[in-house]
C-alpha cells in the first residue's frame, strides 16, 4: 500500500470532505493564502478558493464562536487552531456554546463544528504553546474528542469528524505531521469509540493516545527484545467516546497496566482510565496501574529537558518495568 | 428637538415616525398586532414574576418590562423567513415576538417537559430555531460571535437576509464582542448588533463600566462600521431606524451597530435586591410616566383611529388571561423524566438509528 | 463557640486581610457599591472605600489579567468571579499567564493573586452558570486550588490563600453562603494540603470536597442509622496541594472507598483520587473504588431534575451500598 | 510633507525631530548609546539567526531586525526606575534596551541554565523584573491586561510612572486587547499601548486582518483614549512622539494608544518559509534602502558631528564581537539539571524554609 505523511492524510481527508459537501468550509489563521502554518492545507486555497478556505484574523473566540453560530444553520465549519493551546482564548465559545447549545435548546439545535490543530509539546515552543487539553475537553459532556496517532487514523477520523453532527475537537501533533504511514487510495472512515490494538502482547497492557502511542510502540519493541516483556499497545484514537471494552479485554489478558499520556498527571486522561479499569477489572489486576505523564510542570523550553519532560521511550520502559 | 412635539388630547407625545415608509405601509391589523405583542410580553412577564414569587421558578428571571418596543420594533421589520435573531438572557420578549407561545415559555420557567427547551434551559435559554430564534444565552457577550455566524451562514448559502444580535450596554466590554465587530466588518457579514441600552449592567451605570466618546455605538467607527443611536420607547422610531440597517444588510451585506436607549422598570433580575438603590424611585417613575412604550403606542394608535379604548382594554384583558392560562398550563404540565437528563446532549445518541460512533459516551459509575 | 455563616466567614477573612496588608485589593463585578451579587462583600466598600474595593466592568479576561500584572509588582489582588463559570472567558489569563509566568521567568516573578467565587450547580441557573472547574484548574501545575465546605474552613483557607505567593483559585458555593457553622473569634489560618476527617468510621471511606462533603455527612448518618455502615468522611479542603496521606490512612483502615464530587465524571477530581489510591493502597482495597459524580450531561435547569443530577444524599447512600 | 526634507551629503534624509526637547537634551554620549543599542540589537539577532540555522535554537525565533528604532526610541525616553515594559514574543530588542546582557539572552535561546529564564522560557519568554522588564509573552494579545496591571500597581502604590505595553498590528483583534483598552481608559491607568505596526501578522496584511477607519490607533477614540500614529524608522521621532504619551501618563495618569509604522526585514519567524511570498522583494529592499533605522541614525549623528565614521565602525565591530562571544558563552554553558524541571513552578516549593502548605503538589507516579 502507498505511504503518505500524517499531514497529507489530513489534507486528503479535508479535501475529500470539501468536495463531498458544499457546506464544509475551512477557517483559521493562515490556512488559505499562506497554505497553513504547518502546511496541512497546502494547495487547498488555490484549488478550492476563497469561499471554502478563509484566512481569519487573530480572534479565536470570534471566529470559532462564529463557526458555532454558522453550524447551527447547517454550515459545517472546520476551524483550524494554529496551536490547540490557543483554545484558551476561545474556551467559553468551545466549552460553553458548542457543548451546551444542543442541550439548552432541548435538542432543537445541532452544532456540527470541527475544531482541529496541533496539541503537543516537544518542539521548544514553551509553556504557552505546548498544552494538551484533551482531558479538559473530554470532561465536558456535549463534546467529542479524538487524537489520532497515525496517518491512517488521522484521515479516517477526520472524515468521520466532519460528518459528525456534534462538535468534535480534533487534536493533532506537529511532531507527527511529517511521519509516514500506509493509507489506502480508496475512501474509508474510522468510527469514533473504536480503539486500535497496535501491538499485541500478553505481559502488560500499555494504553495511550496520540504521539505517545508511537513512543509506546518503540518502547514495546525494546521491552520484548531486552527485557522479555511482551507489551500490548492499545491506541484509544478517540477519547470521548471511549472504547472501554478493548482496553478491558487487554487488561483481562495481561493483568498489568501502564498508562502513557502527554497530559499533565492531575486529572489527566490516564486518571480516568485508572478509575475505569479498577472499577471494571478489579479482580484482573495483579499490580497497581502505573502511569507515565508529562513531568508535572509547565512545558520547559530547554530542548534536552523538554524531551525528558514529555513521555519518551526510556521513561516508558522504566514505567513498564515498574509495574509490579 | 422636543419643541416640535405633537401631543394627543391627554398630552401624550405622539410619534414623529408614523409616516416613515416602514410604518406607513402597515395595515390596521398589523399595527394592532404590534401593540398586542407588546402587551402580551408585558403581561407574560408580570405573570412570570408572580410565578417566581410563588416559588414556581428557579434561578434567575430577567424581565424586559419597559423595554418592549426595542425587541418588537426592531424584529417586526424583519423578514420572517430569512432573518434570524439571537440575544442574551433577557430573552422573553424576543421569544414571544417570533411567535413562541406563552405556554411553552411559561412551562420552561417552571422546568416542565412542555417547556420550549423541555425544561432544560430555563429563563435565560429560550430557543425556537424553527422560528429563526437562536436564544437565549447566559454568558454576557457570548452570543455575539454566534450572531455573526448566523449571518455568515446566510451569506455563505447565498440567502438574502440578516441576523439581529442583541446585547446589553454592559456587554460591550467583553472581548468576544470586539472580535465579532471586527469579523463582521472585515468579512462584510450581514449582522446587525443591537445594544439594548437600559443604562445599567446590574447595579453599574454605563459611566462606571464603559469608557466612550459620545455613546457606545460610536465604537463602530473603529471598525469602519455603520452605526446609529436612537430612543427605544417609540416603536415606530425603532422600526424606522432599524429598517435602515436591515436594508443595508440586504443591499450590501454590511453590518451595523445600533444603540437603542431604553429602560428596565424592574431590577436586573427578580433577585436584584438593590433595584432602587442604584437608581432613584423618581428616575423609574419619570420613565414610566412619560416613556412607557405600550402606553405611548396605545395613544398613538387611538389617535390614528386604528384602535379604540375598548379594543385596547380587550387586548389587555386577553393577554392577562392568556398569561394566566399559560401559568395554569405550566403548573399542570409534568416534569421531565429523570432519564431525559442524558437526552439532547449528543445528536448521535438521540438518533440511534443513524449512530456511527461506538464505545462509551457517558461516564457515571451508576450506569 | 459562636456560629456565623459561610458568607460572613469569608467576609471576615477578606476584611482581616485587607486590614493586615495594604496591598490587598478586592476587584470584581458588583463587589463594591452593590455589596456583591451574593453579598459576600456586604458593607466592605463603605468601610474600606474605593481603593480597596473596585467594581469592574464585565471584562473578566481584562481585569483578571490586570490582576496578574499587578500581582507581579506586589499588589495582592483578590478577584471575584460572580460565578466561577465566567472563568471560561478569562481562561487564558488564568491558566496561561497566572500559572506559567513564574516558570517562564525562571522563578524571577511571583504571582500572588487569588481568584474567588462560587462554582456549583443546584440553583437552577442552567448549564452556562453551573460549572465546577476545580479538576481543570488542578490539572495545571503552577496553580493552587481549594474548595471549602464549612464556614470555619472558608475563613481559614481564605486567609491562607491571600497570604500565599502563588496563584490560588478559591471555589465557593452559592448553596453554602447561608450555611452556619462555628468560627472562633480569634484569628486562625488553615494550611493548604491538610484534609479534614469530618466524621470517622471503620467500614467505608467517603472522600469529597466542597458542598458534597455536607451531603456525604448527611448520608453517613443515615448509613449508620439505617444500614449499619460506619462511613468515614474525608474533606480534602484543598485539591492542589492534595493531602494524600489522610486519604490513604483512612483507606488502609476501611478498605473500601466511595468518591463523591460535583464534577462531571470524565477526568473529574475523583478519577485522580482513584488512580492515586489504587496505586498507593492497592493491597488494602477489598472492592473497586466507586464514584458519585454529577450525572454526565450539561447542568439541566428543571429544578427537581437538577437536584438529582448533582450528588445528593440518596445517590450517595446508593453509591455507598454499591461498594462491594 | 516630503518636500521640506533635509538630506545629508549622501542624500540620506535627516531627522525633523532633532530639536525636540527630549532629543535636544541628550548628551553626545547618550546619543551614541542609543545608536550603540540599536546596533547591538541587530548584531545580536543576526547572530541568533545563525545559531538557529546551526541548530542551536529550538522552537520559534521572531526577529526584530528593521524595527529597532521603535523599541529603543520609545523605551529610551522612560524613567529607568519607575517605568515598566512588557511585550509579546518579538522581545529581544526590548530586553537589550533595558540592559539585559547578550550572554543571558543568547544562552536562553540555547536553552542553557545561564539563560535569563534558566532556559525555561526560550526566545518568546525573556524577563528581567529587576530591570522593569516583564516579558516576553507568547499568546497574542495576552500581555495587554498584564500591561494594564503593571500601570495599575504603580497608581495603586502612588508611584509616578507608567507602563509601556507593546503589541503587533495583528494583535489588536484579540478580545483581551479591547477589554484592556476599556479598563485603562475607564480607570485612568497610566499605560501606554504601542502597536508595532509592521504591516503583517504572519502572512496576513493589516487590510486582511483588521477593519478600521484611517488607522488602527484611531480605535482609541471609541474609549475616549488619546492616540497618535507616526513613523518608526527615525529614532528621534519615536522619542519625541512617545514622550508626549509618557508625559500624559505622568501628569494625568491617563493611557495612550500609539501606532508606530515599522517593518520587519525577515519572515514572521525564522521558520516563515513564505516571507517573500506575501511581500515583494522590492517592498523589502525599498525599506532597507530608505528607512533602515540604524543607517538613518548613523548618518544623523555623523551629520550632527556626534559620531565619526570610524567610531560607527568601531561600535559595529564591538557589537559583532559581543554577539559572537555571547554565542560562545551560550555554547559553553551547561544545560539545566533534570531536577530543575520542577523548580520555579511554585514560590512555596522554591522557598521551603517559608513553606506553609502540606500535602502533595506534584503528581507524577515516578516520584
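As written, the chain order gives the labels A, B, C and D, with residue 1 at the start of each chain.
Just so it is clear, a residue touches a chain if its C-beta (ideal position, glycine included) is under 8 Å from a C-beta of that chain, and two chains touch if they have at least 3 such contacts.
These figures come from a predicted structure and were not determined experimentally.
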Of all other chains, the one whose Cα centre sits farthest from subunit B: D
Result of counting contacting C-beta pairs for A-B and A-D, higher pair: A-B
Euclidean distance of C-alpha centroids - subunit B vs subunit D, Å: 46
Interchain centroid distance [CA atoms averaged], subunit A/subunit D, Å: 36
Subunit C-subunit D separation of Cα centroids, rounded to whole Å: 40
Contacts with 2+ other chains: residues of subunit A: 57, 59, 61-62, 85, 88-89, 92, 96, 103-104, 126-128, 141-142, 240, 264-266, 272, 279, 290-291, 296-298, 300-301
Subunit D: positions in contact with at least two other chains: 117, 119-121, 125, 137, 139, 142, 173-176, 179, 182, 186, 208-210, 345, 362-363, 365
Interface residues, subunit B side, partner subunit C - complex: 57-60, 108, 111-112, 117, 119-122, 124-125, 137-142, 170-171, 173-176, 201-204, 208-210, 274, 277-278, 335-336, 338, 340-342, 345, 362-366
Residues of subunit C touching subunit D in the complex: 23, 25, 51, 54, 56-57, 59, 61-75, 92-93, 96-97, 101-110, 112, 141-142, 144, 160, 163-166, 191-195, 238, 240-245, 272, 276, 279
Complex interface listing, subunit D residues touching subunit B: 173-179, 181-182, 185-186, 208-213, 218-219, 221-225
Subunit A - residues contacting subunit C, complex: 61, 85, 88-89, 91-92, 95-96, 99-100, 103-104, 126-128, 135-136, 138-142, 240, 263-272, 274-275, 278-280, 282, 285, 287-291, 296-298, 300-301
Interface residues, subunit C side, partner subunit B - complex: 29-30, 33-35, 37, 55, 57-59, 61-62, 85-86, 88-89, 123-129, 264-266, 290-293, 295-298, 300-306, 308-309, 315, 318-319, 322
